[in-house]
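Please find the structures below.
In the two assemblies presented below, subunit A is common to both, partnered first by subunit B and then by subunit C.
Entry: the complex of A and B
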């Protein structure tokens, strides 16, 4: 019987997995591979989709990004560094705070479900909503936050949205508040997958809370941690809406992120070749960082 | 990825040609029933006024059915070219005057030369600056619907608190400084300076022109805003902060919100603010022409213009019907003025109906010295450098001269890039 079943599966088998993959492969090829390849082609031209002449410029769009005399150089690298600053500040917080939260929410206490919902709630809101909301709350002269701070005797004139470093504090803080629920939910799911017996075994071996966390919880979360890390880095590096709505890139263009500048160049100034080149540079950078993260997690395995 | 999704092969054959329009333009349409798509960005309080006009037009023209679609302006300027490129563009639309040249060069809109000729429209029927701003490469592409200048808004209650006459807003720099000083004496920061495009950079431009400067040279090939007049203008603004007439770090819209809350007295803002302030029933406010701070009178203004879009296949009936629509709305633009605009058409501006709108007509008195951006493709991209300079200076990141010269250097590079791109 067993042998017969196996043959039957094999007889119908060879193409089955590929057929299952096919629909996704078609979608992936149409909406990711093809546009990505087309984008490389665009980046080699002075490209405006409405102008008849789209002169081939070779690698000019790329070399302009490294030529300090070009029109794009300082804007581009300023925006890249804005994205870098935001990512470096926000990723550690978005990895640790939700983890701590997930550990708390994983314990048994009254109203646990309510708290889970409360922490997840902001994530449900769109960026337009949270952006406008915080822009008004944090208005340096008229906002509620400064009014409250002033009322309790703290400085009430902090320029949350118009000066540095406060702009970064605001952007990172709002983002952490907004998205920590998502990471917390992923962590929570990971925590619930760790077998109870491991904790019992650890306790029998005399492990304290910290040892339990370090030797049972963290290793048990490793696959989840890898996903959360890579995903958080990518999402942070693609930050757009918060800067666009809360600081509008101010002061000057110092909080304008790479995606904001790329969108401006490509979709408002219609310099699509240049914008495509910038996108590819950003993509290459993110690819390298993602590979490093994967490597880091793999070495821990070994 | 987003970029790559855009198709190539725009509908135009020639950069500057922009295609053919129906000729000659008619003032009435007698052909078979047509449906016209009319797109614009009137998402604010102005939308219902335009909708009302469109409905009235449809009732009076049984063989033309205009349907109106509204988008956010920023989306609109991205969406319309893409729609035109794929053959799904609207028939008629509105564009700000500073977007007309760009869209003419990119082959999105059609010449309207024949319409102005058929109707015998001339600069005198409108106002020369706004009429001429719709011309690109010696060809007319746009018919102005309105002008929306900057005006001087003031909170009367705050002025009274400082012992100022609420019916006598300052008209020159001496009166202005005296008023600011009087308010400061009462602990009021009376003129919040905003570092953002709305409306800080519009205030800067008005002051720049008042001090005799200009944004660009005549052919718009070189930035001029960092010269002496520009520095004077921007310093006037930053001195407000330095002298304590304005708080530091004014965020987007905080200036006008503070005026509505009774914390701020003066605000240079667009005519569209009339409707916003009218919502506050208890607010005592007024509006006048901009005070003359510099050596001459000048004010920034934008302008909504009618345009016709290129189609995959030319349909003379639709083009003619579109022109009838444009002409009709233009003639009925007093309704539009009620929505908080100054009609571009002189006969309507001079009408008793318009004079009966006190706020609009106060701002409308500036018509002869309004300034618009030069009709140059890609000029809106270049203006971003001005916006950044204002922001940096007002927020105290750079001193005015440095902020402006950094901006001008960038602007020169962009102007050169655009000249290469659009071949002009």
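Entry: the complex of A and C
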């Protein structure tokens, strides 16, 4: 044991590890650590990219978000509620539908790998592709979805991309179609980690399918479920491309998400101080939600 | 399995497959229709007069240089995949195998940033990229994204799972840390490196919000912001937009078909970080 430790110590100089870390450390410090801190600094200033002066304003950018008389108040909270509606509608579907699909695929049959790949395929396409594609398919007047619905005797004039609540149905539906393969693959990996013996033991105890699911599958999936839940909430709260391309915020700005409004305020109107403050407020909200989810999972443990 | 009839079973699976594949097939078919046929009611499934007109329109418009966008996408995604492999593998090796002060703190810090939502970094990174003179260049698409923590985390886990014996043997033969890393560890890690390369390539190829805001000149665009331009420029000339979407889809679908195992492996592993 002592000899082993000695070789380990001797095999590299004291600086070697830091040299290995250096290239990554440079990009990491420049594009993750620095901006995370710099963003806070920006949010404390009246930071207009196009103006030479960037006066310090303390927490004014933050308090404006809570002041109903400020110029940003109503647009900001409208966008936050758009993100909230989208998240509340899409997360439950993205937790349950992929789980059902993973259970379907978690059996031995011919062609399993092929079907898994097919269900995953939309996810390898970017949001830009699926955005312009569904904008076309769901075009209220010219799209094939309404044409098919009309042909089978259903209403063929649903305003999928231009009116509510249809806009939400579209954004949530397209997102579920696009990303459910991602969650399904993660669930599937989790299911395969559950020891076979647990199922055999349950069967010997005379457990039915449902009891097996409740007492073996769900507890076995807990760490995976926690990851999928938190990750899905974060991804939903980051929603940008679908609204940008499919509904373009319509009707009015009602489906404009928080990220769309932040990006527009900061990178199109160049009011970076205000946009940075919004992004930190949203982050704080997400942090609270994530902690609540962690807590929820821990309580279930006890 | 034995309780379900194979016919019923495969009917369900194939029915589900159609939901995922039909929209993509529709994109393909539309790209070869005339603008009139693409929006005809009732719709035609197969192009009645198949035409490459949409592609001619795309290639003939200097405002929408799709081939250039394609090239830019290839360069950005390849460049970033190479950069990620280089920096992440070295850092991951140090974190997995070398002994040094502050190792735990550094690793915890890197992992902690996995929880920073991407949008918080966009505005300050726009200014940082601007300061380096990288706005409206492909460098803005290649370098900042290589700072992500996933590659380091993923490779570190893989290196930890490698047997130490081969490295110990190399030490006895007088190899230094760099030689062990390049001649023993990296060759043993080809599957993990391939997985990370494919995932990085796909992520970069599909990135949307960042290129939309850091690129301004049509000649600098990659395909995703290019598609947004096509949508704005051709509104209901859907064959042209679908032709552009097809150009953006074919490479990643081929990559997925070839490297399916690696993609799904990489995604499954990302779930285990929780």
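Assume the second predicted complex is superposed on the first by the 269 of 302 C-alpha atoms of A that agree within 3 Å, B and C clash if a C-alpha of one lies under 4 Å from a C-alpha of the other, contacts with A are read in each partner's own complex, and residues count from 1 in each chain.
Basically, a contact is a pair of C-beta atoms (placed from the backbone, for glycine too) under 8 Å apart; a residue touches a chain by one contact, two chains touch by 3 or more.
None of the values given here were measured: they were computed from a predicted structure.
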item	value
Three-chain arrangement built on subunit A, subunit B and subunit C clash or fit	clash
Subunit B versus subunit C as contact partner of A:266, first or second or both or neither	both
Partner chain in contact with A:169 - subunit B first, subunit C second, else both or neither	neither
Touching partner for A:289 - first (subunit B), second (subunit C), both, neither	neither
Partner chain in contact with A:279 - subunit B first, subunit C second, else both or neither	both
Subunit B versus subunit C as contact partner of A:95, first or second or both or neither	neither
First, second, both or neither for A:224, with subunit B first and subunit C second	second
Dominant contact partner of subunit A by residue count, subunit C or subunit B	C
Contacts of A:149 with subunit B and subunit C, given as first, second, both or neither	neither
Subunit B versus subunit C as contact partner of A:39, first or second or both or neither	both
Which of subunit B and subunit C A:108 touches, first, second, both or neither	second
Location of subunit C clashes with subunit B - one stretch out of 7-15, 115-123 or 151-159	115-123
Overlap of the subunit B and subunit C footprints on subunit A, listed as residue numbers	32, 35-36, 38-39, 42, 49, 135, 139, 142, 263, 266-268, 272, 275-276, 279
Contact set on subunit A toward subunit B in their complex	32, 35-36, 38-39, 42, 46, 48-54, 70-71, 74-75, 135, 139-143, 157, 159, 161-163, 248, 250-254, 263-264, 266-272, 275-276, 279
Subunit C residues touching subunit A - in the complex, by the definition given at the top	1, 9, 12-13, 16-17, 19-21, 23-24, 26-27, 30, 38-39, 41-43, 83, 86-88, 90-91, 93-95, 98-100, 103, 106, 110, 113, 115-128, 143-144, 146-149, 152, 168, 171-172, 176-178, 180-181, 202, 205-209, 212-213, 223-225, 227-228, 230-231, 236, 238, 241-242, 244-245, 248-249, 252-253, 255-257, 260, 263-264, 267-274
Of all residues in subunit A, those that touch subunit C in their complex	7-9, 11-12, 14, 16-18, 20-21, 23-25, 27-28, 30-36, 38-39, 42, 49, 101, 104, 107-109, 111, 113, 115-122, 124-129, 131-137, 139, 142, 144, 147-148, 150-151, 177, 181-182, 185-186, 188-190, 223-224, 226-228, 230-231, 234, 237-238, 240-241, 244-245, 259, 262-263, 266-268, 272, 275-276, 279-280, 282-283, 286, 290
Subunit A contact footprint on subunit B (complex, rising order)	1-8, 10-15, 74, 77-78, 81-82, 84-85, 106-108, 192, 195-196, 247-252, 254, 257-258, 261, 263, 378, 380-381, 384, 388, 391-392, 395-398, 410, 413-414, 416-417, 421-422
